[in-house]
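Paired with chain B in one complex and with chain C in the other, chain A is shared by the two complexes that follow.
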Partner chain A sequence: MLKYIVKRILYLIPILLGVSAIIFALKTITPGDPARQILGNEASEEQVQAKREELGLNDPVVVQYLRYIGGIVTGGDFGDSYRTGEPVLSEIVPRLWTSAKITFGAVIIGAAVGVLLGIISALKKYTWADSLVLVISMFFQSVPEFVVALVLIMIFAVNLHLLPATGLESWQGYIMPMLCIGLSSVAGYTRITRSSMLEVLGEDYIRTARAKGQSESNITVHHALRNAMIPVAQSVGTNLGNAIGGGMVLETVFGVPGVGKYIVDSITQRNYPSVLGGALIIAMVLTVINLIVDVSFVLIDPRLKTTIISGGAKRAPKKKIKAA
Partner chain B sequence: MSKIHTPAMEKIEKKNAKRKKPVRSTPGRESWKRFKRNPTALIGLGVVCFLILVAIFAPLIAPYDYQTQDYSVMMQKPGAEHWFGTDQFGRDIFSRIIYGTRYSLVIALFCTIAAFFTGGLLGIIAGYFGGRADTVIMRIMDIFQSIPMIMMAMCIVAVLGNGIPQLVAAIMFASMPTMARNNRAAILRVRGSDYIEASAAIGVGQLRMIAKHMIPNAVGVMIIYFVGFLAVSIMMMSSMSYIGVGLSAPTPEWGLILNDGKAYLTSAPYMMVFPALMIMITCFAFNLMGDGLRDAFDPRLK
Partner chain C sequence: MSDNLLSVRELVIHYETDEEVVEAVNNISFDLKKGEILGLVGETGAGKTTTALGIMGLLPPKVANVISGSVELDGNDLLRMTDRQMRKIRGKRISMIFQDPMTALNPVKTVGDQISEVVLLHDRCSKAEALRRAQEMLGMVGIVPERYRDYPHQFSGGMKQRIVIAIALACRPDLLIADEPTTALDVTIQAQILDMMRNLQKENGTSMILITHDLGVVAEMCDHCAVMYAGELVEYGTVEAVFDHPKHPYTEALYRSIPSLDKDVERLHVIPGMVTDPASLPAYCSFADRCGDACGMCRTLDPKVLDLGGGHTVKCLKYTSKWEGKTDGKTESA
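Now for the complex of A and B:
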């Protein structure tokens, strides 16, 4: 077990290096001269050149990349915002908490509704209830979150005046963003729950439970559901990424001061260090959270170890088929 | 001895004459049969075909030009003159939405094709060769996947700037890992089959193996992902352009039309209702069709 955990943690290193390489590559192709951005338009050509030399922009790309990594590892230096001059890290961290709260709520809503619908459609398979559940969950999957958000704003904020359209001043402000992000992930959870429930319900131990006279509800909750939850739990990690991606758009729609809005605002202001630094921080946080989720599920159920081999990619069968 | 003709016999003969020659059962025909039996899939297919027609004949359907501004008819409610009303510049929303179909479908198609020829191809290579190639490609895809898809797309657009080619490139890069993973899985499933082993045994070359034996057998599953991804790219595109990233005005893309109407949500909700409906219907139709295709091509996945 310890070996597995250590392996997973070591696997983090290439992933994080790779992600930072992607962001660094984007950074090198950003339009405009960072030195000119910092000094402003009045600076002379010599001053800009001196600044470029000082920032190390004239060095080879590899040296720049290594320095970039070094800055992140030693000083948490993800770059400075063009707009405020503050380090991106210190601007992002307070916003992470806001986004985390919303994402967490959304994942809970999505999983709860999805699992419930999945159970219903598995127990009532091939009936109208099953089809209805599938159509509803697919509808929420296929409609972009921001359209759902607009419809909710029109109904609950504009017409009924029940919830605030934007902002997080009161707890009511959290409801709509969480709901929108959550609903979009319902379909995934429903589908996984349904198929894994159907599989589990066909197992021998369910028949045994029936044979010894257990009640149907007892079988569903205690025997079937607990075993059927394993694949569902595994999918939480992937859904987390989608929830954060969806959150980027929705935070802008609802005016939530989270990381997503920070990045989108920075894009419109052409504040490249904030965009790329922010994206890198989010990707890193997400990778670490995914690791924690994976490892904790393995601790709960060691059987999972065989299914999530480092990084989630299943290995190809070792069948040699190369011809000649 | 002459044939006996009774009414009953004639009936049977007529029936036999009407019956077509028995059709050879192929996987394609079987899938189509299954697809035809699925009402929701047919609805999806119908709507998608309708949208394609709308996109092709947009200039004939749209009563006005999509960017002509007419200040005498600003902010008109839906009526006989302007079916879906007009926006703050006096542009006809119905015409903008009709032309928007063209933009959305064509850009989505480009995105999907581009993603297929990059990520998809990588996935096929990884799945076919296995071993070291597989490890290297899939580890790189793991790295790409650690950045949420839409965030990746937005970062790329942020760096490259707004515009259709930039948007296509952004969505292509962002969707590469998913595409690669799906196509790899499709190839892997075929790779384990006996007929592949048999062809390898009789000495079929690598290229022929991929092109003639593996891809034709995996193509059903690939079509499923292709159609599914069309919906995903429409969603991503409209989400991004709604928050002002990706495309810029006056492109009549649905997300951008919504963005135009954003300021008038309370005073003129009709400006947002119709484009929002259009996005919903389109994405839903593509997903219904994709789901039907999945059941048709691969009944085991249901």
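Now for the complex of A and C:
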């Protein structure tokens, strides 16, 4: 198990190197001088040159890149924001926390609603309830998140004055962003839950449970649900990526001071250290969360314990035998 | 009343799908005494599993329809019971072992939990007590009791079937229905499992319906034998009667299809023709089209079940005055 976790963390290294290299390349290709940007139009050419030297912008790109990576590895230094001069890391951490709360809430809302709808439509398959669930979840999947966001703002903030339109000053501010991001993932969870529930309910071990004299409700809860949740749990990881992507746009719509809005703002300001730092930190967080999700499968599905512990090592030779 | 534990009367079960109506079980009747083992044999699609599911009340809802008949357990008709009443009977009074042990166990629950589940459902006892009983059952079927914490995937196929048997017998049912309990297993393990089942059956005095393709198993284990063809019981009697004096041409053909070592046969005798499709049964004897002894009347009349004495029954025109003898076209190659 530990070996598996270490291996997964090592996979992170090439991913992060790739992400940072791409953004670094973008930074050098795009026109505009960061030093001039920092100092403003009034600054003299000498001042700009001095700033360039200070920022290391005169060195070859590769040297700059290696220096950047070195900074991260040795001291967790993601550079300083061009705009504020503050370390990127200390700007991101509090924003990350804000985004995490919203994303986490959104995933819980999405999964809870989706799984519930999925169970209902599986148990009531081919009835009007099943069709209704399908229509509702398709609706939330096909309407873009920001449209849902604007509609929610119209209803709850502008007309009913129940929730603040933007900002996170009170806890009510969290509700709409969470709802928007969460609802967009409902359809996915519903579909997966429905199909895996239907599959599981047709399994022989469900018949065994019936032959024991177990009641249908207990069979659904104790026998079917846990088996049906395996593919659902697997999709949480993927969904998290989407939720973070969706969050970037929605944080701007709702004026939420999160990483998403930070990155979007930094892009418009050509604040590369912030963009780069934000992207890298999100990639790391995503990988770690996916890892946690994967490891927690073992709790749901005991069969995985053996496959995860032995890892890919056992699978590889099998393929070779087939090929031979 | 009588010493019959189970009494099936004129049971008719149809599967109704959009395209067709499958007449899976047609008017079958039989009795089962306490402690008796009945072998139920017949080709694939004969309706053996359907009969078993009908007794258990586990037929797939909507598709399957019990058209008529009764299934009495100690004189109470199971078909008229509510779901609630049936749940008290399943697992407690009647248990069933299904065809494939590989998929019969829930992969995410420990085997201990799966055995104790049935105990908790039917016997008033604590969780700890039920788990203790589960371990006892594991020991009884020849598995180290300490393995109750293991999951199904950690056991071999034969061991899984033992666990399935442990579940089925945990509440000491009066009737055990075993639907081809060994078909999915290795030949060497088949004998072990059957031996074990017979011992447990004797110890507990359980009645049993053993569904199988294997006439050898029936000869070895059963008291009575019922031969099914196209949803009908074509022959029924004690194993001695049915094996030593088979009456129905289908039963005879079944025997001839068993490979034997002492007889020097060049090829296996195969029953000619296709298994009759239960979705389009003829109005006459459903075996007539494959029967070597069929006469013109056989393709006109549907014979009634005939008692030949001593409880040996057969559903064939041959033993009535209406039979006209073999017709020309078909000659038997006996």
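To be clear about the criterion, the second predicted complex is superposed on the first by the 265 of 324 C-alpha atoms of A that agree within 3 Å, B and C clash if a C-alpha of one lies under 4 Å from a C-alpha of the other, contacts with A are read in each partner's own complex, and residues count from 1 in each chain.
Throughout what follows, contacts are C-beta pairs under 8 Å (C-beta built on N, C-alpha and C of every residue); 3 or more make two chains touch, one makes a residue touch a chain.
The model shown is predicted, which means the values in this text are computed figures rather than measured ones.
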{"item": "Combined model on chain A where chain B meets chain C, clash or fit", "value": "fit"}
{"item": "Residue contacts with chain A in the superposition, chain B compared against chain C", "value": "B"}
{"item": "Partner chain(s) touched by A:22 [first = chain B, second = chain C, both, neither]", "value": "first"}
{"item": "Chain B versus chain C as contact partner of A:281, first or second or both or neither", "value": "neither"}
{"item": "Vertex chain A, arms to chain B and chain C (CA centres, degrees, nearest 10)", "value": "80"}
{"item": "Partner chain(s) touched by A:119 [first = chain B, second = chain C, both, neither]", "value": "neither"}
{"item": "Chain B and chain C, minimum CA distance [Å, superposed model]", "value": "17"}
{"item": "Chain B/chain C common contact set on chain A", "value": "none"}
{"item": "Residues of chain A touching chain B in the complex", "value": "14-15, 18-19, 21-23, 26, 29-31, 135, 138-139, 141-147, 150-151, 153-154, 158, 241-242, 244-246, 248-249, 252-253, 263-264, 266-268, 270, 272, 275-276, 279, 282-283, 286-287, 290, 311-313, 315-319, 321-324"}
{"item": "Chain C-facing residues of chain A, complex", "value": "203-205, 207-215, 223, 226-227, 300-303, 306"}
{"item": "Chain A contact footprint on chain B (complex, rising order)", "value": "40, 126-127, 129-131, 134, 138-152, 154-161, 181, 188, 191-192, 196-197, 199-200, 203-206, 209, 231, 235, 238-240, 242-245, 258, 265-266, 269, 272, 276, 279-280, 283-284, 286-288, 291"}
{"item": "Touching residues on chain C, where the partner in the complex is chain A", "value": "56, 58, 86-92, 95-96, 98, 100, 103-109, 117-118, 121-122, 151, 153, 164, 167-168"}
